[in-house]
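Multiple structures follow.
You will see two complexes here that share chain A, one where it goes with chain B and one where it goes with chain C.
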Partner chain A sequence: MLSTLKFDASPSVSAARLKPLHLLQSTSGIRAPARGAVTRQDGGESATFGAALTHTPTLAERLFEAIADAKVWTSRVAMHLSRDTRDRLFHQLDMLHELDEWAEGDAAVSLDSFKSFVRAILYHAVNSKPALALMPNGNILALWADGRDKLTVEFLPGNRTRWMVQNVTASGPERTTSTTPLERLRDVLQPYNAERWFDGR
Partner chain B sequence: MRMTSDSTASIYTSPPIIEATVEIRYPEAVSDAKVKKASDRLKRRYDFTTAEEQLEATLNFTTRSADFVRKGVLLSHRSADQANRVGMTNVSISWTRLAPYEGWEKFISWVGQDLAEVNKAWGVREVSRIGLRYINRIDIPISDDDLFHNEDYISFKLVTGPILDPQNGYQWIIRKEHRDVNLVSVVQSATVEPEIPGTAAFTFDIDVAHDALSGVDVPRKSDDILARLSEIRALKNAIFEAGLTPLAKEKFR
Partner chain C sequence: MVARRAVADEHHVLRYAPKSKRFLHPETAEPLGISPAAFAIRPGDEGGLSVTEVEHYGAMSADTRRLAAAAFRESQPSRKLGAQAAFAWARVSVIKAIGTEYGKGIRVVHSPVDGNPGHAEMRHFTDDDLDLLDFFATDVFSEYEVVADMGIPARAEEQ
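So, the complex of A and B:
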């Protein structure tokens, strides 16, 4: 009878960080999370948990995991990025986390900030190649230059941005700064000719 | 049942695959030393290796005591870009390719090369299950009416009638034995958090396996396993093609 399933239909393992459906749990083989279930046994209650034994991570391991998390998250949107863009971002991430040049107390890249940055690239179809820096709190800072004019955008968690434009005029340099949702970034930068930075001119 | 053959499978230049996994399970556990031996053979192919010891704890609240049972090791290898990863335990080995997916030929060639190395360490073992799982993520624009018209993109869907339409989200899972080809499929789909502003997204997750519980022996030798994976892939492709609409597939071309 087709309605009677005798297979153990537990799915193949998955490394995706998606929220799994209730019926089939994702079983990431890389960093197994603690998992457990409470059952009643012989009149008493017991709980069984499984967990991976880990030690306190070293600085190198913490940096590695932060970069790895960013790269794995990128796989969710990789089909919308050109291979060149993806490879460049990964290279920049690696360079920003050089162990030899790491300042004690600095935070590794914030995944939420990195998400905002990549989302901005996708949403605004940014095809230029900004320089990247890492704020001490782990936020991504992207820098564009057009002659002496400069655009600096700090990508904040939650799809927000803090930006600063330095515009050199006949009267001297002018600086404008503000905070805006990333969806509005191109609109609010329009008075400063956003396309010269975003569209790779 | 019609199945898409390897040679006629559609080619998509921008496939929505965010994760492709091959997994082989064994009914008998090998020793930790053998897992390490196989892992050592693969290490040079990867940039990073991690080892974890798996423990299971049973807490008894009545007696306020706990029992710990060792559940073996998990050795993982990853490429520098994190897109290629292999994980092995005492009873299984899996290969996962994250996006960007580079095509079946490259994927199965990688699995085949690693499997040959692993079999040098383990020998030919009885296999209890060969599984192939593809997780697709489809990002679609939110329409002018501020709705997520998933029905325009996925052919398999829950029919609820007006009381639950329009839906704000969904999830479903289907299991099916394909007795003509001795395979079982587990197909699931759900709305997921959007990653790109102005879009909505859903997953289309297809897992097809040959399980020893079907009563048909699972191949053991590398070449036979790879040949079986090609057959499994054909069913996976057929489900993919049937499950998505032409509008969805147009996005991947």
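So, the complex of A and C:
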């Protein structure tokens, strides 16, 4: 399954910089006992190499793991997504996590936020294409634009959203913000013509 | 707490926006403008939103923005900037006025750090209002330059 997720095809977090996934799985900061039982030639006495090994993941490993987690989870719901949508999301994830562009201290994508984002796509049958950014805590931030009108949604863990709509009227821009459960998003955006954001672009 | 000098209202401050804090085009993944994420509190923003005063390096110009950007780079542990990151700037008086409209008494104070003597903090700024973050990204810090286009000189040890 992993081989279908194109980890090594990413132009951002390239395979040359990152360890293979099977290495990452054993180097995620979890204490692992050293496997080193030794049998002495002179008497059969055995010893085990000393202390447990620890490994603090490098930045490249942390970014890789976050992207891999998001892609693996997406693969579980991929049957509900078009191939185009899945590929586009993966490409955007890769581009958001370019190692050479990464700012120290920022969190990689939050899996819970990413799940909220993908669930919104599925639940509301969103077939438009938002621009994406990452909040410093790893939450997905999505932008839909229609001229000077725009919808910005931060996808929060736990299927919640924080959103902001700007409508430009003859009297000037109107801006509205709120938080709402994910499943209510289309309903609460209806007064702002939600269909233009979610349907068809 | 040591009293800090307020940055003059007519001065400008730069805010660093890494690539991941810019919106990426849905098809090409090319960076678009600055996103509200660039104004959310980051781990380095303990005392307030971290910015760099341009006029600390001379009168506002492309040259002094370049100097300020290079100083910001020196203050980073990695001493690196992303080529597709951007520096957005705003006048302090506008920051304070918009903050007042949003019920925040923002103060911009000089707060030098290692490598960046022009470092400043936007105090009393909180990132709980997505509207404010968006307004800062699009209407307050409305001008920006991409790092790759700024001509920031390489660090001496990289040359």
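As a convention for this text, the second predicted complex is superposed on the first by the 146 of 201 C-alpha atoms of A that agree within 3 Å, B and C clash if a C-alpha of one lies under 4 Å from a C-alpha of the other, contacts with A are read in each partner's own complex, and residues count from 1 in each chain.
Please note the rule applied: a residue touches a chain if its C-beta (ideal position, glycine included) is under 8 Å from a C-beta of that chain, and two chains touch if they have at least 3 such contacts.
Treat the numbers as computed from the prediction; the structure is a model and nothing was measured.
Of the two partner chains, chain B is the only one that A:F90 touches; chain C does not reach it.
In the superposition on chain A, A:M79 makes contact with chain B only, not with chain C. Look at A:A170: by the touch rule set out above, it reaches neither chain B nor chain C.
Put chain B and chain C next to each other and count what each touches on chain A; the higher total goes to B.
In the superposed model, A:A68 lies in contact with chain B only, and not with chain C.
Across the superposed pair, chain B and chain C both touch chain A at residues 94. Put simply, chain A touches chain C in their complex at residues 88, 91-92, 94-98, 100-106, 129-137, 141, 143, 152, 154, 162-164, 166, 175, 177.
Per the touch definition, chain B reaches chain A in the complex via residues 14-19, 21-23, 48, 50, 52-63, 71, 74, 76, 78, 80-83, 85, 87, 89, 92, 94, 96, 98-100, 129, 131-133, 135, 137, 139, 171, 173, 175-177, 179, 184, 186, 188, 190, 192-193, 195-198, 203, 205, 207, 209, 211, 213-214, 252. On the side of chain A, the complex with chain B involves touching residues 2, 5-9, 11-16, 18-19, 21-24, 29-32, 43-54, 64, 68, 71-72, 75-80, 83, 86-87, 90, 94, 115, 119, 122-123, 159, 182-183. Across the interface of their complex, chain A is touched by residues 16, 18-27, 29, 32, 35-37, 40-44, 76-78, 80, 82-85, 129-131, 134-135 of chain C.
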